[in-house]
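Below are two complexes that have subunit A in common, paired first with subunit B and then with subunit C.
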Partner chain A sequence: MLKYAFKRIVQGLITVWFIATATFFAMHAVPGDPLSGDKALSDKTRANLEAKYGLDKPLMTQYGIYLANIAKGDFGISFTQENRKVNDIIREHFPVSATLGILAILFAGAGGILWGALTALYRNRLPDTIIMFLVILGISVPSFVVAAIGQLSLVNINDLAGVSLLPIGGWGTVWHMIVPSMVLGLGTMAYLTRLMRSSMLEIISSDFVRTAKAKGVPPTQIFTRHQLRNAILPVITVLGPSIAGITTGGFVVEIIFAIPGLGRYFVQAVQQLDYTVIMGTTVFFGAFLVFMVILVDIIYGYVDPRVRLE
Partner chain B sequence: MTDQSLAPDAFKRIEQTAQIHGISRPSLSYWQDAWIRLKANRRALYSLYLVVGLLLFTFLGPLIWQIDPSVQDVDQISQPPFASRTVQLVPEYQPWYPSDELSGTGLNFVAPPTTQYVRLTWDKNPAATGGYRVYRNLFPIGVERAYGLPLKETGVAENFFEDRLDLKPRNYFYSIVALDDDGNELHDQVETIEGEVIRVMAPREAISRGMLDADEAPVFGTQYTLPLHPLGTDYLGRDMLARLMHGARVSLFIGFFAPFIFVLVGVAYGSVAGFLGGMTDQALMRFADFVVALPFLLFMILFKVVFAIGPGESGIMPMLLAMVLLLWPATARLVRGQILQIREEGYISASRLLGAKTNYLVLRHMIPNTMGVILVTITFAVPSAIFTEAFLSFIGMGVAPPTPSWGSMCNEGIKTMLTTPHELIFPALLISVTVLAFNLLGDGLRDALDARMRNRE
Partner chain C sequence: MSEPILSVSDLAVEFDTYGGTVQAVRGVSFDVAPGKTLAIVGESGCGKSVTVQSIMGLIPIPPGRITAGTAMMNGVNIIGRKTVNGEDIRGGQIGMIFQDPMTSLNPTMNIGNQIAETLIVHRGYSKRKAFNRAIELLDLTKIPEPEKRAKQYPFEFSGGMLQRAMIAMAIACEPQVLIADEPTTALDVTIQAQILDLLADLQRETNMAIILITHDLGVVARMADEVLVMYAGQMVEHGGVDDIFYNSGHPYTMGLRAAMPTNQPGIDARLTPIDGSPPDLFHPPAGCGYCARCPHAMQICVDNPPPTYTLGERHETRCWLHHPDNNTQVEGINKAVGSSP
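On to the complex of A and B.
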């Protein structure tokens, strides 16, 4: 188990290096350079600024410094916001995105497992038809439309109630988190429901379930002990990659619900061409996603011993 | 071993005695079989019709509905479908000089409200020692609702107001709020009136629109009909139907073309890795693993910056390139796996044993057997490409205006979601329907083409 975890972490580090390298060279391939903004700079100012940001050095030296800084966990200083460190931006805004993402994943995971199991048990009957119709709908509607509908219905609900039941935007209290995380988790929940349903259907017709039935295990126990526990396994594997989907879907939800998360910041940085912030957030997000996937894989290896042996 | 000589008549042809059973059913090729299966799947078949309908809408539509999607109809801005299109001819605007006679009737309209002007008068309020503030709103004034747009503060002596600010043919709620000496609003001294503004036009405008000849004597009160916009207009007065059709070109172009190219790249890469095997295979697939690990949407956005678009470009090509660069590895992995698997199949050995050449093996066995999987991959890649385009355009990183795409139309529509929801609903609906159709079609194709995946939901 330890060896497996070690191997995965080394692979992850190489992947992060690859992400950092790709980001670095991609950003340096951008036409123009960070300093050729809207204001014309005198040669001297330009030279000073280049020296400050280390842009006067050869590309490979810059790359070396960049990698060394990343290894130290230093992403540099923002280009558009004077003297603001990228680390500070991440420290300030990432917890918001992470909270939103974790809540969404919890919502999606719990919902997906529950609905998926339900549809499998009621296969080809009314609950199955209704839920699967909603699932197909959930997969087909883009996240920004879901977010817009979510906010619109919140406005109408508040209007009907006559008081503000839940805030329609912003961040701060638990109440702010409910609707955005539900909206964010909805697409993933639909996907997980489908996955859970097919895995559950496979388990229902498996030999060990028949054996359990034959020896007289009560149905509820078969459901919890034999069916649910085995059917959850494939759902756990996709949780890792779906964290990536949730994080990027978070961009839209953060914009629509005016949540001060890192995603909104990233989009803003791209629009302003704030190079260090773009590079910093990409590498940080990338590293985060890679290690989330690894974490899920390790957990999976712990849950299902067959994986480790491969 | 005994010597045994065979007589020539041992090799005589035996007469056919029994009737051989004829082939009971016509022989079906793989694709004929798949087509029959697909036809039997009602959901998939309807999805196929829907896809064909979408293609007709996209490519035949603009030939029938020949409206330029970038032309603005300034008389019909943000008009929902089936909105009134009539316009009434009225005299040119005359300045208004009201006198005191107006008071004594409560808050009311002096003349029927039109898009030319809305004239209000109200009773003088003894509490309004600091005058009045006039507001205009699009919604009824609720308990907590604000009064809307402040238009003017009138003096104590002025109990009338004329609104000429960007009037649209719709309902407005005017509120008159009394002010105290310090200019504070007295919230218990508020009067509100609702007025339905009708669309009117003065002769000069009517001539410029070509409804009236310059030498023709205008007959005031005549009703004219404005051009038809079946799905309404957007916030700049552009025809929604035409924009949706042209937007469909962008969305479907990316939706079809990006998957097509990256699947092609993936097939080439994967089959090279699969055929060569060994160290080359290992190295190629490791690289693919790294590309898979890149956070997709982050790099899509990053690449959009790298392949910066110049002025006047639509930004479709950078998006296409970025998608191809990031999405090929999934197909490559799949195809490599397929090739490796097929190479070991019994029928390949059998075919080789019967003397089949490599070319024949590849054309007759390998390609048809991976085609199903590849086709299913493309079908599922189409909705995700459409989603990606919509997402990028939505956050302002996709196609550049004025090029319409469904995503950018949603982006524009969401800003006026509360007042004119049709600007968001139509593009969002089209995205959803397209994605739904391709998802269902993909399910059907997977069931029809891929025997191993059959019976799985």
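On to the complex of A and C.
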């Protein structure tokens, strides 16, 4: 198990290096640089600034310096936000994004498993039809539309109630987290519902469920011990990659609900070609995702004995 | 023949499908006594498995439907019932093992817990006590190192070992009847022999009745006391194992025997197949189900279903050739001693 975890972590580091390299060269391939902002600079100022930030060096040298700094865990100083360290930006805003993302994943996972199992048990009957219709909606409507509609309904509900039941934006208390994380998790939940439904349908008609019936096991125990445990495996498999989906969706939801997460900085940085912030946020998010995928794989080993590694 | 422990009469099962209603089982009767083995034989789709699965309550309803018939056990009709005389039927009074042990066990639960589950459900054992009993059962079914094996998962077992574990699970509550639905079909020949020996040993020790579904007549000859030959959802012949092999009363049974390989390969070593295919059970034939493939078919076979003729003690068949007015003598078929239409 330890050996396996170690192997996966080494693979993960290689992936992160690859992400860093690709981002670095893609970023420099875009015309312009952080200094080509709104103010026109004299040649002299520009040359001074370039020298200060090391932008006058050959690209490969810059790449080497970046890698060395990243390895030390130093992402540098932002070009556009005065004297703000990228590490500080991440430290301040990442916990917000992570909380939102984790809540969304929990919501999506629990909802997907529950609705998927229900639709499979009620297949081709009314509850199945209704939920599967909503699922198609959930998959096809993009998160910024869901976010806007969610916020609007919240306004209307608060208006009807006459008091502010739930805040419509901002961050701070648990109440702020409820609606944004539901909105963010909705698409993934819909997708997981479909997956869980088909997986559950396959399990329901499987031989070992028939064996359990022949043993006289009560239906509730067949459901929990035999059906659910096996049907959940494909859901766990896609949970890792869907964390990526949730994180990218998070940028939009953060902006609509005025949540001080990392996503806003990421988008701004790309628009302003703020090299250090782009590199810092990308590499950090990349590492985070790789770590989550490894974590899911290790959890998978505990649920399915066939992939438990010696 | 001692008092039967399970006695099924006139069982009929239908399935609703998009193509219409399939009459999978059309009036099957049999009984089985303690310590005896009844083999149910017939080709694929003739209703063998559906018959036993309806007794076990395993057919999905809908689309399935048990339209007629009873299955009496200890004086109670168990069809549609969960308990008989206060005891659970499925897993308790009747154990069942299946064709493919590789897929018939839960891949994410260890073997010991799967066996223990039966004991927890029916006997109310504690988890620890049930697990210890599961280890004993694995030992009883001759699995080496049962303590270690009980903690392993199905993917760590071979096919033959899994079938032994299945048997351990089925006999955990000392059932009076064991239903074995093609228990050796998925196993290789040497393992088949071991599994059959194990079943025979367990039967001697516990005096349970076995209903063995198979289409291997070699297995029948080795295991069975009585044989029920099924065709198109009906009984065509029923009798002692010697009657079926040496004194067949139905052309289908003779066809099955002719299609069997022998130990004396001669120059003419080809097997004799039964030409044609079974009838469409969406629209079962008006007369005898076998008449389209029967070399001795007469006009009456097409139009009228044959009654049951008694050929001897506990030997009966459903074939017009045994009608007293029939003068055609078919080689190998003895005339009936009486009839019970």
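Going forward, the second predicted complex is superposed on the first by the 303 of 310 C-alpha atoms of A that agree within 3 Å, B and C clash if a C-alpha of one lies under 4 Å from a C-alpha of the other, contacts with A are read in each partner's own complex, and residues count from 1 in each chain.
Just so we're on the same page, a contact is a pair of C-beta atoms (placed from the backbone, for glycine too) under 8 Å apart; a residue touches a chain by one contact, two chains touch by 3 or more.
Everything numeric in this text was worked out from a predicted model, so none of it was measured.
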item	value
Fit or clash - subunit C, subunit B, common subunit A	fit
Subunit B versus subunit C as contact partner of A:144, first or second or both or neither	first
Which superposed partner A:303 touches (first subunit B, second subunit C, both, neither)	second
First (subunit B), second (subunit C), both or neither touched by A:136	first
Partner chain in contact with A:213 - subunit B first, subunit C second, else both or neither	second
Which of subunit B and subunit C A:161 touches, first, second, both or neither	neither
Subunit A residues touched - subunit C or subunit B, whichever exceeds	B
Distance of closest approach, subunit C and subunit B, by C-alpha atoms in Å	14
Footprint overlap on subunit A, comparing subunit B with subunit C	none
Contact footprint of subunit C on subunit A as seen in their complex	206-208, 210-218, 221, 225-226, 229-230, 233, 303-306
Interfacial residue positions of subunit A with respect to subunit B in the complex	14-15, 18-19, 22-23, 26-27, 29-32, 136-137, 139-145, 148, 152, 155, 159, 162, 194, 197-198, 201-202, 244, 247-248, 251-252, 255-256, 266-267, 270-271, 273, 278, 281-282, 285-286, 289-290, 293
Residues of subunit B defined as touching subunit A within the complex	142-143, 289-290, 293-299, 301-306, 308, 383, 387, 390-391, 394-397, 407, 410-411, 414, 417-418, 424, 428, 431-433, 435-436, 439-440, 456-457
Residues on subunit C engaged by subunit A in the complex (per definition of touch)	56-58, 88-92, 95-96, 98, 100, 103-110, 117-118, 121-122, 153, 155, 166, 169-170
